[in-house]
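Pasting a structure here, questions to come.
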Amino acid sequence: MCAAPLTTDSAPASLGPRTGALARRPVSGHRLREAALPYLLIGPTVLVIGVVMGYPMLNLVALSLQHYGLAELLAHQGTWVGLQNYQDILGDALFWQTVARTATFTAVTVAASMFLATLLALLLTRVSSPVKLLLSGGLIFVWATPVVVAIDVWQWMVDFEFGVANWLLTNLHVGSYAHHNWFENPLEGFGVITALVVWGALPFLTITLYAGLAQVPVEIVEAAECDGAGAWQVFWQVTVPIMRPLYLILFSLSTIWNFRLFDQVWIMLNARPSSGFYMLGVYSYVKSFKVDQFGLGATIAVVMVLMLMVATFVYIRGLARSGELDR
Amino acid sequence: MNPRHVARTAAVLALALVAVACGGNTGSSSPSGTLTVWLMNGSAPDSVVSAVNADFKAKYPNVSVKVQIQQWSDVTTKLDTAFAGSTPPDVVELGNTLVAKYAAAGALTNVGPKKSSFENSSTWLQSLTDSCTVNGKLYCVPYYAGSRAVVYRKDMFQKAGVQPPTTMDDWLQTGQKLMDANKADSSFSALYFPGKYWYAALPFIWDAGGDIAAQGGGQWKGTLNSTQSQQGLTTLSKMVGSLSRADKTGDEARQDQAFVQGHIAMLIANGWEIGVITDPKSGDPTLKDKLGVFPIPSHTSGQSAPVFLGGSDLGVAAKGKNQDLANEWVKLLTGTKFQTQMATVGQVIPNTTTLLDTNKDQPLLGTFAAAAKNSKFVPNSPNWANVESANVLPDMLVSIFTGKAPIADASTSASNQVTQILNAKS
Amino acid sequence: MIAIRLRRRHVRRAAFDIVGILAFLALIFPIYWMVATAFKPGRDILRFDPKWFPAPAVLANFADAISRENFWNSVRTSLIVVISVVVISTVVAFLAAVGTARFGFRGRRAFVVMILVVQMIPLTALVIPIYLQLNNLELTDTVGGVIVSYLAFILPFMVWTLRGFVANIPVDLEEAAMVDGCSRMGAFLRIVFPLTAPGLVATGIFALIQAWNEYIVAYVLLSSPNHQTLTVWLAGFTTNHGTDWGPLMAGATLTAVPVVVFFLLVQRHVTSGLTVGAVKG
């Protein structure tokens, strides 16, 4: 079982950029066409993103500097108020509560999702083939279920009068949940929403982590086990460092997606969430479409993006440093 | 070719094209084009809409009418974006509490000058007409109304040995007798009252002499915490506490489904909800003979409490390209012929007092129409829609019913919010 | 000695299997409940104590859902939108990924950072500007407008992921092909494209799910009921009369089926695709 110690040759392949891909001089003489080629290739993408998101983005920033109510919306003309909207928003107690709530929710859901996904991925490596098939099949089903459908189902499961979750909890003697409204108390309500979000996020994360685990070279793991490391130590000190880039990507994506959450809150609460349920995305929408203050709604959105950029700044800088951006 | 000739020919051609393009709207020759109409889900029965379109087609054979049904949930988003665009729908049905907002923002055409061309305009329900009036101008045409009364199970009343009450005190006692008679059923509600059902809470406030807000000197002031309003809320809170097992934080959207389950004796409902309760597919048709209706009692004997007059109006979009055709279509649906059908088939209250007695002899619907004669409306301010969006009244009711805040505090906080929102500069 | 070790391993594996099965049941329960509810008659749905297994199972809810106005229109619209988005976005993202991964050019870093930053923008914030812009182009209430909007939201992630795939393919292969006489583009098509196939499938599925799922933009942009997407159509089951749970669950099941089927067909490629692109080494 325990072969001779590994030589350095079979150490895990470098995680740095692959060499040789960069800016090779074209072999032939069509230098101008070759030079234009990358721009042509990224052209369509830039065009679509630029037109559909670029202009609205600029518009969004412009909106955040204007007073833009319903009358202005219909007349396509707002009044410039400079940074007044930003002052209003930053002085709004509800805004900061919402920021705190969004940040907490994101942290909790990302942590829970990654933790459970890791467990599930590890579980997948340890079960027998038929169970592996069953579990992956289940994950695929969950992944393929459209979000709107999932929200409807969960809403039905926690229904005040007929929810099956209420019945189960009551009959398992966890408490009395008959005729219980889960959304009366925002904390409980967010418990349901967290469960829903984590449930929906598990397939993608688990499958990706599982694929990543499969990539960890077996020799390293076995060598560590031979050296006497327990399963836990092997995981922390061998597997995780190798999977670091993958974890980094998944953490960042999860953070971005959960921070922007909208559908789950909105549809679960039948388009009428109380302020205790506001997340930043919801608050922005409410300010725009419910009280017709599109300028303020835009301001919240801009602040959201800035916050996310700061949060993922570490990730982006890490990418730049490791040369990922130059691959 | 002489450039001047070319220019002149081009100009003539251009003028001709413009004339042809614009000619379709003058109505002199047979107009053509497409008329887009937005109606809300569940407002008009399909048969009525088809009949209106048939009549319209007979008059304007070259115009095709596109009726698009919209959902109530999140409709304001759709309305905002539609009115903001350059091709809004020509005719729009708007809930009567939403009109002021859009009218004040310039989304709707002022139909005041043409008012007399609409049938029954002199006898329109006052409350609906008020909902269409902003700054003294008429921005839409009353479409239909809905009022509330109490729907009850005659068989349950018989078993408990009670009669429909005639005063509020009577009502509470009747309810308590029903609760006693059904002690064994842990899901039973004598009066099913979901916490956020503010439309049904208003009669209690109004009957006690209170109101949501009052206008004085151009400013609004919330009056939910006046002595009278608080008294009304106290009465309501007592009734809900002892008679209702409904979700104290839920709204009335699913009360009909709950009623069908058979554990409810009384329900504050709209006229058309009877149709939902007895619907063969999703309801229980066997209940049809077991239902009765009585008006919401007042604390004064011999009267009924003022009810909230819900309903919709029809507006013409200001930026719509077919103003005249839109008016014609609205004329049809709001005219006597189809308003009668709205009352008989749609089971809603028509827009004119002259037709209020259409359903008089209907055992159930007659009571709703009668109740509509004593109705009130919400503060008619362009900012009212924001009060609704901010859920001020539902949240106040929920804190009272769940005991989170005493009535004095909850109503004061709500009053202040109402004052602030109504007086906000848009 | 060995026998005991083997037995211990078997017991451990059995323990893990049990945990695995429990995890499966927990995961799949909501979906089971949706399908079960879809097959129950109305009175079995609105019950205080739930009926675990739909017996008798009826098709009434499905019939109701399908016979609803605009069901087939919505199916058609969703299919058109999704297929267009998947095909177009895969092609465009692949080109951009190749351009970024294989060439150094001025603005490359900026482009990559932009791709990442754009993913942070919340959809709901852009709804109004997008609507107004499409309105100027007369593209509102058209399927084309929705497709273009979805492309903008889906492309960043696809380019980002495909870039990784393309970068993982050794340049030497292309260079060998070019030495053999292929042009640059020919080398891409003959060598890179087939090798990135798993990645293309993986990101294609991602695009499929995003496009099939999306609600708010479709809701705002499409006002005619006869060309809405299925997600918006589903919202119509909740009216101010309450929610029709049976038909809604039936409609939801029908909405989920195409994606599930498609998924099952290509799932093998998904896992291998994600592997190659995500972890280098």
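Going in written order, the chains are labelled A, B and C, and every chain counts its residues from 1.
In this section, a residue touches a chain if its C-beta (ideal position, glycine included) is under 8 Å from a C-beta of that chain, and two chains touch if they have at least 3 such contacts.
Just so you know, these numbers come straight off a predicted model, no measurement behind them.
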item	value
Separation of chain B from chain A in steps, with touching chains one step apart	1
Furthest chain, CA centroid comparison against chain A	B
More contacts between chains, B-C or A-C	A-C
Centre distance in Å when chain B and chain C are each reduced to the mean of their C-alpha atoms	40
Approximate Å spacing (C-alpha centroids) for the pair chain A, chain C	15
Residues within chain B bordering two or more other chains	73-74, 77, 80, 84, 187, 253
Shared interface positions of chain A, touching two or more other chains	73, 76, 161, 270
Shared interface positions of chain C, touching two or more other chains	46, 48, 128, 132, 235, 238
Chain C-touching residues of chain A, taken from the complex the two chains share	12-15, 17-18, 20-24, 26-27, 34-35, 37-42, 44-46, 48-49, 51-53, 55-57, 59-60, 63, 73, 76, 120, 123-124, 126-128, 131-132, 134-136, 138-150, 152-154, 156-157, 161-162, 164, 167, 178, 199, 202, 207-208, 210-212, 214-215, 242-243, 245-246, 249, 256, 259-260, 262-263, 267, 270, 280-281, 284-285, 288, 294, 297-298, 300-302, 304-305, 308-309, 312, 316, 320, 325-327
In the complex, chain B residues that touch chain A	73-74, 76-77, 80, 83-84, 101-102, 104-107, 187, 245, 247-251, 253, 258, 318-319, 386, 389-391, 394-395, 398, 402, 426
Footprint of chain B on chain A - complex, ascending	69-71, 73-76, 160-161, 179, 181, 183-184, 270-272, 274, 286, 289-292
Chain C to chain A touching residues, read off their complex	12-13, 16-17, 19-21, 23-24, 27-28, 30-31, 33-34, 37, 45-50, 92-93, 95-96, 98-105, 108-109, 111-114, 116-126, 128-130, 132-133, 148-149, 151-153, 155-156, 159, 163-164, 167-168, 170-172, 175, 178, 184, 209, 212-213, 215-216, 230-231, 234-235, 238, 245, 248-249, 252, 255-256, 259-260, 262-264, 267, 270-272, 274-275, 278-281
For the chain B and chain C complex, residues of the former touching the latter	38, 41-42, 66, 68-74, 77-78, 80-82, 84-87, 89, 187, 253-257, 260-261, 273, 276, 281-282
